[in-house]
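Here chain A shows up in two complexes: once beside chain B, once beside chain C.
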Partner chain A sequence: MNPAIGYVSIAAVALVSALIGFYGLRVSRTTSDFYVASRTVRPWWNASAIGGEYLSAASFLGIAGLILLTGASALWFPIGYTAGYLMLLLFVAAPLRRSGAYTIPDFTEARLESRWARRVTSLLVIVVGWFYIVPQLQGAALTVRITTGLPAWAGSVAVAVIVAVVVAAGGMRAITFVQAFQFWLKLTALALPVVVLLLAVGGGTAAAPALDAALAPAVAFPTAAGPADLDVYRTVSLMVALLFGTLGLPHVLVRFYTNPDGVAARRTTVIVLVLLSVFYLFPTAFGLLGRVFAPDLAAPGSADALILLLPDRLVPGPLGDLLTALVIAGAFGAFLSTSSGLVVSLAGVISQDLLGGRVRGFRIAAIVSTAVPLAVALVTESTGLAGSVGLVFAFTASTLCPMLILGIWWRGLTARGAIAGMLTGAVLSAAAILAGAPLGAAVPALRPFLEQPAAWTVPLAVVVTVFVSRADRRGIPRGVDGYLTRLHVPERR
Partner chain B sequence: MPESMLLAAAVGVAAGALAVGLVIFLRRIVLASKELGTDAEQATYQTLHLASRAAEHLRGGLEGPDAQRAGRHLRALLGCDSLALADRTGAIAIDGDDAVRPAAERLVAEALASGRPAVQRRIPVGAWETDAVAAPVVGGAGTVGAIVAFASPVRAGLVRATGEVADWVAAQVELGELDASRAALAEAEVKALRAQISPHFIYNSLNAIASFINTDPQKARDLVLEFADFTRYSFRRHGDFTTVAEELRSIDGYLKLERARFGDRLKVTLQIAPEVLSTVVPFLSIQPLVENAVRHGLESKEGGGRITIEASDSGAYAEITVEDDGVGIDPAQLAAVLAGGPADGEHVGLRNVDARLRQVYGDEHGLVVETNLGAGTLVRMRVPKAGPRRDGRIAP
Partner chain C sequence: MSDGGSETAAPLPPRPAGRARVRVTAPHTGGPAAQPAGRGARPGTSDVQGVYVRSLIRSQLRLALVVAAGFVIATGLFVVAIALVPDLDRTFVVGVPVSWLLLGFGLYPLVITVGVLYVRAAARNEARYRALAEDDS
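Showing the complex of A and B:
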């Protein structure tokens, strides 16, 4: 591959993102018309913005790589990533909007009337955010290594520096329209190559060596990698993690604040579901093409690069270069938008809870919240972007999700119960994730439970929360009835 | 593989239980160590600790579930078998053996009536007998409740201690009442501070409308409707909070009326991030800033000027600024007005908003004003997006 394409598209995306982050809104929203100025964000825009922020390296590169590696079982990832919003729609979206809380810690404090519950929640939100940024930086490292030939760390460092500088300097806030644009950029950057590649393959105009090397369908899609051979426990556990993990993602939940009311929040969620369903068609198609035309990439370190390499292999020449440039731009856009969304919401939480909410505190917090994940990304090796994001989802599902759902739907939840449940979930899922590899090697029977812990950690966290809350009936906050009324009674129109 | 799943769950639970056990064990070691002082010091600490735990629950008065919670700590403090805590109506909460309730009710009624402590011996409770000491809780406004401690036997020490505890409870209840009246005062202050429409504005608007009635009846009609809308918003009674979007709508009406007077001399630039439109702010907290800019910044400036209203997103906060390029304010005079000095009607709007913001969000969220004579004025407010934390009241 020609490294110049990589350099040009990465530099262009980085520059454009930084410029939009600083200046974009200042120009577009200045008006003297009150009607224009006080127009709220339409659900379509907001849904696109959520999509733009949500679709990360795992969705853009990881899913195709995982399909190439493991076959049909990887299809559960796009299903789970999308269906999480169904849970959000059913249980969280409208009540959370009506609560008026901006972040999850805000909600916890208002609902449980406890500073300690707030602190524990903040801590968990920060941990979740950090470990969600790590795969983005690893994705950037991979992209830079494959497309430009530079050492891998350059990609992580570049993304981290851009995000930290832009966010700390005050950019990238209130960027609904920018993130909405990002979604459509990512969709185009995947959809267009898929269509061109399918046309080329179907019309027989693809590069001869690639067509000759293509595997026969029976070899490319063996029944062993098909849906018939399903590991029930792993699949169920993965689905639990992905369905409930979405509920606790800090950068997604703050977007709901932009909706004017609960009804708009629900409508936004429905549109997000539609948008994501459309989007995930394309990484899936990439993965299937990869199984036929690029079986040599099917190794844990290189599978994630499938989307970056396939266009050039199938359609060499200027068209292939163009498609490659588009894909690289989309991937880099995904790293930048997801990480900056996460850094903005993390910096908000850190500065509000630890640094007194000053502007200076926000800057420090922005730098800290990029530096920590960068350090982690530099010392660890990515074994698969979709998988590591899946683990973050498992952690979120076992910690923040039980508190959030019980807080909205169960009046008996107390601060002690919530703290106990969150800590139980955190300790168990973190132990499973961290000690999983050595322990799984020693006791093979335990491996699935350590690799996909959500199916047992989430119920345990819920049980602990419920039991401790029941034992602590006196701890039920005084204002609970009023607060729950506000969460569940529709707004006056 | 359900057995291995059970194994995994068991390992997790065991690890959790072990951790909890370890924490309890360490705590016990630390508490038992001599590091914490002599026996007398520890006894003092225990007493004060129990008293402060009980105090938390006494601030809300002697009624309701709080009395039960306070009773638990008071019983530990007095070291008696059962303890009854009664409010001024004689409704009692008992901590300990509930069989003493009839006796407690009788003793409470006596104590409330006499207002004097009393000791009774050999009260039959079920199959056995106990002694009791009752003490009224006498506050500034008379007897507010009573405490009855049951022990067998009641010694002189307990009688004395019960009397002291009753006095202490009275002090706590009074402190609680003080808290409540302070909160009520704060609320009344917020209500009183609710910005009123300035009489000047009404007078000027009506004059401006009058001047259009003959020359441009349609415009006069529009202005009257605008005036009606604006006054309805400003006079509304429900809720102390509103959203930035609603506040902007009222500012629009206000500026339309002012433009009837100023004509083209009044220019407005808006830069509103749509993400902060639904942020909850105190009712009429931005409009007075605009009014101040018009009346004190631009009215006396030749050729009019420009007002810039900006609302931007700042992490977990929303930042709202109102800027004018008018004549500016003398910083010393402004500082005096904001500090509560004599105002003569100048900048009372600013002072009012500042006071309410401090009242609702705390002192660090007051107005920030950058100004000097001839240099225009910039007023900035920074409010948490999650709404007021102090009292949790947010308007629908």
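Showing the complex of A and C:
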């Protein structure tokens, strides 16, 4: 592959993101502008921004790679990523908007009237955010290594620097514009290549070596890797993680505060469902194409590069170069947008809890929030983007999700119950994720339960939360009825 | 039912500028920020209002649980149906087995439909609450 294509498209995306960011800087002046874009963002803009922020390296590169690698079981990832927004719509969208809080820790403290519950929540939000940024930086490392031939760390460092600068300079108003732009960039960057490749393959105009090497359908899509060959436990557990992990992701929640009211928050979420459904058609199509035309890439280290390499294989020449430039741009957009969304919400939490909530504190916090995951990304290596993001969802679903849903819908939740449940979920799911590889090798029967822990860690976290809250009836906050009223009663019109 | 029917379809006009901007400031203590208060949020809420609010919360929760269960059951049935018809693995459309195409592309219309139905029903619950609460005050 021609390295110039890589350099040009990466530089172009970085430049455009920075420009839009600085344009936003001119309109973001006050502290509230910085945090929640003054709540004047329109539903379509907001929905595009949510999509732009949500569609990460795992969605852009990881899903197609996983379809190539494992077959139809990977089709559950995009379904879960989309349906996660359905759960968010059903259980948290409107109430959370009406809560009037800026961040998840703000919500926890207001609902439970406890500084300790707030501290535990803040800690979890920071952990979730950091470990979600890591795969983005690893995706950037992979993309830079494959497309430019530069050392992998250059990609991680480039994304980290751009994100830290844009977020620290512009805050969230700027980021809303950047994110909305990123969604349409990512959609175009996948949709156009898919259409061109399908036309080339269907019309027989694709490169002869690629067509000759194509697998027969029955070989490319064996029944053994098909939808009927379902590992029930793993699929159910993955779906629990994705469905309930989405509504606890810090960068997703902070977006809902930028809706004018609860009804607009619901409306925005439905638009997000539509945007995501359209988007996921394309990585899925890429994955299916890859099974036929690029079976040689089906190995853990290289499968995630499928989307970057396939256009050039099927339509070599100027058109292929153009499509390659487009997918590189889209991939970089994915790393930039998800990382900056996460950094905005992490910086919000860190600056409010530790640095006094001033704009200056926000800037320092933005740099800290980028530096730590960068350090982690530089010393670890990615084994599969979709898989590692899936584990972050499992952790979120086991910790923040039970507290949020019970806090919104159950009067009896107390600070002690919430803290006990969050710590239970955190310890169990982190232990399963960390011990998964060594323990799973020793006791193979335990492997699925350690590699996909959500199906047992989420229910246990909920049970602990409920039991401890029940035992702590006097701990029910005094203001609970007023606060629940505020969450559920429609706004004055 | 002032706005109940209009929030369902996906393409929506931008909302009027009049009530969009709300001035808020960063909370130092982490307490809830200023917001357009719900009617019942003021102190001294009457008992009757409290009953209405509790019934609104119950009906919204019931709705969310029913919709979530419906989605999960429908998805489960869809997958079991694919698994029970082995011919779908052997029938190829554009070179891909129909079973793969169904799982890869078939569930998104369901997700969107369920979402739209939920938003309608949730708005109906809120309109019912508003009618009761306004009659009473």
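In the analysis below, the second predicted complex is superposed on the first by the 471 of 493 C-alpha atoms of A that agree within 3 Å, B and C clash if a C-alpha of one lies under 4 Å from a C-alpha of the other, contacts with A are read in each partner's own complex, and residues count from 1 in each chain.
Heads up, the rule we're going with is that a contact is a pair of C-beta atoms (placed from the backbone, for glycine too) under 8 Å apart; a residue touches a chain by one contact, two chains touch by 3 or more.
The model shown is predicted, which means the values in this text are computed figures rather than measured ones.
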item: Which of chain B and chain C A:101 touches, first, second, both or neither; value: both
item: Which of chain B and chain C A:448 touches, first, second, both or neither; value: first
item: Which partner, chain B or chain C, touches more chain A residues; value: C
item: Touching partner for A:492 - first (chain B), second (chain C), both, neither; value: both
item: Which of chain B and chain C A:347 touches, first, second, both or neither; value: first
item: Which superposed partner A:161 touches (first chain B, second chain C, both, neither); value: neither
item: Which superposed partner A:15 touches (first chain B, second chain C, both, neither); value: neither
item: First (chain B), second (chain C), both or neither touched by A:456; value: first
item: Which of chain B and chain C A:260 touches, first, second, both or neither; value: both
item: First (chain B), second (chain C), both or neither touched by A:371; value: neither
item: Overlapping contact positions on chain A, where the chain C interface meets the chain B interface; value: 30-32, 35-36, 38-40, 100-102, 106, 109-110, 260-261, 352, 356-357, 483, 486, 491-492
item: In the complex, chain C residues that touch chain A; value: 2-3, 7-8, 10, 12, 14-15, 19-28, 30-41, 43, 45, 50, 53, 56-57, 60-61, 64, 67-68, 71, 75, 79, 82-83, 86, 88-90, 92, 94-97, 99-100, 102-105, 107-109, 111-112, 114-116, 118-119, 122-123, 126, 129-130, 133
item: Chain A residues touching chain B - in the complex, by the definition given at the top; value: 25-26, 29-41, 100-103, 106, 109-110, 173-174, 176, 233, 257-261, 344, 347-349, 351-352, 356-357, 359, 362, 424, 427-428, 431, 445-446, 448-450, 456-457, 460, 474, 479, 483, 486, 491-492
item: Complex interface listing, chain A residues touching chain C; value: 30-32, 35-36, 38-40, 42-44, 72, 75, 79, 82-83, 85-87, 89-91, 94, 98-102, 105-106, 109-110, 118, 202, 217, 220-221, 223, 226-228, 230, 260-261, 263-264, 266-267, 269-271, 273-274, 277, 280-281, 284, 288, 292, 352-353, 356-358, 409, 481-486, 488-493
item: Chain A partner contacts - residues on chain B that touch it in the complex; value: 1, 4-5, 7-9, 12-13, 15-16, 19, 65, 69, 245, 248-249, 251-252, 255, 267-278, 280, 312-317, 364, 384-387, 389, 392, 394, 396
